[in-house]
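Here come two complexes built around chain A, the first alongside chain B, the second alongside chain C.
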Partner chain A sequence: MSKKFKVSICSGTTCYVLGGAQMMLLEDCLPVDIKDDVEVVGSSCLQKCHEPNAKPPFVQINDYVMESASLTKVIDYIREHR
Partner chain B sequence: MEFMPKTSDCAIEVDYCQKYCEKKRIGGDVFLSKKLKEQSRVLAVLSDGLGSGVKAGVLATLTSVMGLNYMGSFRDPAKAAKSIMETLPVCSKRHISYSTFSMVDIDFDKEVRIVEYDNPPVLITRNGSLMDTKKQKADVLRADKEPVQIQVSGFDAKIGDRIVMFSDGVSQSGIGSKELPFGWGIERVSDFILEKIALNPEISAHELSRAIVEKSWLNNSHKALDDITCGVIYFRNPRRLLIMTGPPYDRQKDKLLASLVEEFPGKKIICGGTTANIISRETGRKVQVRLDRLSADLPPESIMDGADLVTEGILTIGRAAKYLENKTELDLFTDDPGAKIVKLMLDSDVINFVVGTRINEFHQDPNMPVDLEIRRNVIKKISKLLEEQYYKETTIQYI
Partner chain C sequence: MNYINNAAIIKRQVMVRLAKLIFDDTLKDNIDLIPVLMTPKNSESVRCCIHHDRAVLKSRVKVLLGFTAASDTQADEVKLLKEYAGDAEQQGEDRFDDRILTVIDDACSACIRAKYQVTNACRGCVARPCIMNCPKKAIRFERGHAIIDENLCVSCGICEKVCPYHAIVYQPIPCEEACPVNAISKDEFGKEKIDPQKCVYCGKCMLACPFGAIMERSEMFDILRDIKNRDKMTVAMVAPSIAGQFNTDFGKIVSALKKLGFDKVVEVAYGADITAQKETEEFIERLGHKQTLMTSSCCPAYVQIIKKHIPSMRSYVSDTYSPMIYTGEWVSNQWPGAARVFIGPCVAKRFEARESAYVDNVMTYEELGSILIAAGVDVVECDDQEPDKSASIIGRGFAVSGGVSNAVLASAASRGVNAVGKPINGINNKTVSLLKVLDKTIKEPAFIEVMTCEGGCLNGPGVTSSPVVAKKFLDKMLK
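Our next item is the complex of A and B:
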């Protein structure tokens, strides 16, 4: 059964040094109320940092690409959209 | 594989293992080896100083260093041996030389020359049996004008051959015990070596030398009664490693990048998210990031069919360079992706780097919290370290 949200965390160099390192821990930080709806995967690079005025770190939630992502931003987004 | 530069078709692995005599902190056995890259030569010396401890250690070191340097400049180990014999001091009480030695000189077309003085014989194995090299005796004068004999031999090495040299700590191990009253003996040592090779025809010099030393130690009921040293030289098909990092400058070459990975005969590492994506796109194989294997301060590794290791790019490569520079930081338990790269490198003989030169502009942003070096420069540094300190053969191709 596929889950409602698929979160891809960019683990490319740029995202990693600009805060993506923390994002790797998302799976362990998910609150109980949304935990069952979220699937966390890694991406070797979402290729978003090549675009002009990019704001890493990036996380992709289903089709939505979140810039300047953080753990709280991702959790808030999922709570809002479920 | 026309894109890949030509590399040698034979690798010479040299390794040794040693245990010092019980309760001695300095041993009287010394094994030294050296690769002369410009001349494609490999030299090795095993020297055993009289007794054990500091004095023996000094004598054996003196002998082996002289051996290496003389062989390097004379191109004739017999001549080198003569010079050493003329200088080596002789024990005033026992009238025997203060140290014995075996020297091996291998030149670029695998011609091997061996000189021995009073050490247990150097053994050569080919196709699972011992090879007789018809040792010739030569008379030389010792420092005290006493004539002594050295043994000179030579042969043309083939892939699969091994040269095994050991000190009398090996051949005399177990002496006086019930099982081996006269010691292990050359014959039994040779049988042991052949047995090991029969069990594992590709046994590395590293493993074989360790096995021989461990067995000698066991013969003495877990003691080293004399210094135990064994050096092995193994001619083998080179183990190849491909390290691919960075996207090609010209996007049209993405296909070439993927085909290089496909066709490479050896192990493969891909360093870099974009690079991994390109190869995944071109080959249709998925990259999967291992979020379950996080290391403290490096981006996680990924898995992809057809690659032995997939990592992030510049941070991980930088870490690998750091480990190569300072071996002490890398121990058996270091398990981050940088350490994995280094372990694969050290396990290979020939390392081909394929470096994409397209630059990620974001990396040059002055607001980046860490210094990101240019990939090309880090790879150059790694390649130099591998050649100079680890005797690896490397090539760098820019794409």
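Our next item is the complex of A and C:
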């Protein structure tokens, strides 16, 4: 059965160096209330970093692409959209 | 611990922009635009206004060009960045000195001098033990509240202890608190200054400052000039702690470095193998001469701590060179005349490299990452390549606390020499005091590894990755 949220963490170099490295900890720090609904996968460059004024790091949650992503922002987003 | 934060990310964004201009050969035309482009008109400012932000950004660019942030004269204050770029080109190596770290005055928020603050939990009680017990008469009452006069307070902490409401809190100045050797303190204007006589280049103040006011003087201008020059051979010497810095395997990092323009890529872990072997021999020899204690020497900030602050311990530090130096020596013999660039997580290596004939420049992972972004090289998409010189698993283990000590103790044991040695994992006020008496507390043969960064090089000041993530990668590499 597929989970409700698929979170793709961009680990292209741009995202990774500009704050995305921290996102690799997401899987380990998902709170219990949402843990079972979330599937975390790594992704190569989401191609968002090439846009003008791009704000990496990027994370894709289902169809939504989040800019300036952080652990708390992702967790809050999932809680809100559950 | 090296946590990701906004100040670090802004610094990396400036690095990317600067590197891009150098790659595009448009440095002189566009360098003065960097602060403006990063804080366009009507954008939200981080400080009081965008002009303050821009002033700080200008200083950041200046430091990334290799200069100190200080503007001593009026001429310095109005000097354009493109003029600094010209100076960097002309002066080359000569612009560097022992001031490895520099404070950006405009960014330093001049944190309040007094380390104790009265919070609004103060009830303005009748007993007022804070006032009664303050030895400097630094506390007064205003509108029913205790107030500490920061000019009189000597931060003794008595008021905090005696307050029945715990209304007084200890609020340290982050950079001063982080410095293990008291090398950073305020000038008469409340701005922080680093004393080069005392500084050991550990970089802890730089990580601690929430305003990103402390930076290391970068050598990226010189490195990029060399890799762009096709007639000059450049060699990247990569420290073992590279594991996990780019969320991919080492082989891809090798080809990314070659795409950037490095001609050869060498693992510094190769030099670590030599260090481990020579250090073991030295240790066994010293034990033969009735000495009992020897410490490692591969952490350059630790070596500076002993030199500048605990000279009584000097004879106990191993004379064996660090992995960087042995690697540099090998590279120098292999490819004479090549530019030798050490890539690692360390600020203090800049000083060690400057003193050595075998290394030309140093860059951090953070700088490497930013340069890769600027060049449009995505490490994850690169193919796997073998380095031009690789190393053993033992050498790669030097990146974590305990790696050196395991290597030396195990190889000594295999030669019938048994010794003990609990590594000193991270330098702080406590471990500095421990080091001061180490020779008196150790009775049996001991090899003590000392790492200034807690956890080892993986947690160095110039990393891109979370040390927790990086450790997972390293563990994989060591299997």
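Simple rule for what comes next: the second predicted complex is superposed on the first by the 82 of 82 C-alpha atoms of A that agree within 3 Å, B and C clash if a C-alpha of one lies under 4 Å from a C-alpha of the other, contacts with A are read in each partner's own complex, and residues count from 1 in each chain.
Simple rule for what comes next: a contact is a pair of C-beta atoms (placed from the backbone, for glycine too) under 8 Å apart; a residue touches a chain by one contact, two chains touch by 3 or more.
Quick caveat, the model's predicted, so the values are computed rather than measured.
In this overlay on chain A, chain B clashes with chain C.
In the superposition on chain A, A:S11 contacts both chain B and chain C. In the superposed model, A:Q22 lies in contact with chain C only, and not with chain B. In the overlay built on the shared chain, the residue A:C45 is in contact with chain B and with chain C.
Using the contact criterion defined above for the overlaid structures, shared-chain residue A:A54 touches chain B, although it does not reach chain C. Considering which of chain B and chain C touches more of chain A, the answer is B.
Working note: chain C versus chain B after chain A overlay, options 73-81, 217-225 or 469-477, clashing stretch identified as 469-477. Once both structures are placed on chain A, chain A residues 11-14, 16-18, 21, 24-25, 42, 44-45 are touched by chain B and, in the other complex, by chain C.
In the complex of the two chains, the chain B residues touching chain A come out as 272-274, 276-277, 280, 287-291, 294, 297, 299-300, 302, 310, 312-315, 360-363, 368-370, 372. Chain C contributes residues 4, 9, 12-13, 246-248, 256, 366, 369-370, 372-373, 377-381, 464-466, 468-469 to its touches with chain A in the complex. Within the complex formed with chain C, the residues of chain A that make contact are 11-14, 16-19, 21-22, 24-25, 42, 44-45. Here chain A touches chain B in the complex through residues 9-14, 16-18, 20-21, 24-25, 27, 40-45, 47, 49-50, 54, 56, going by the rule given at the top.
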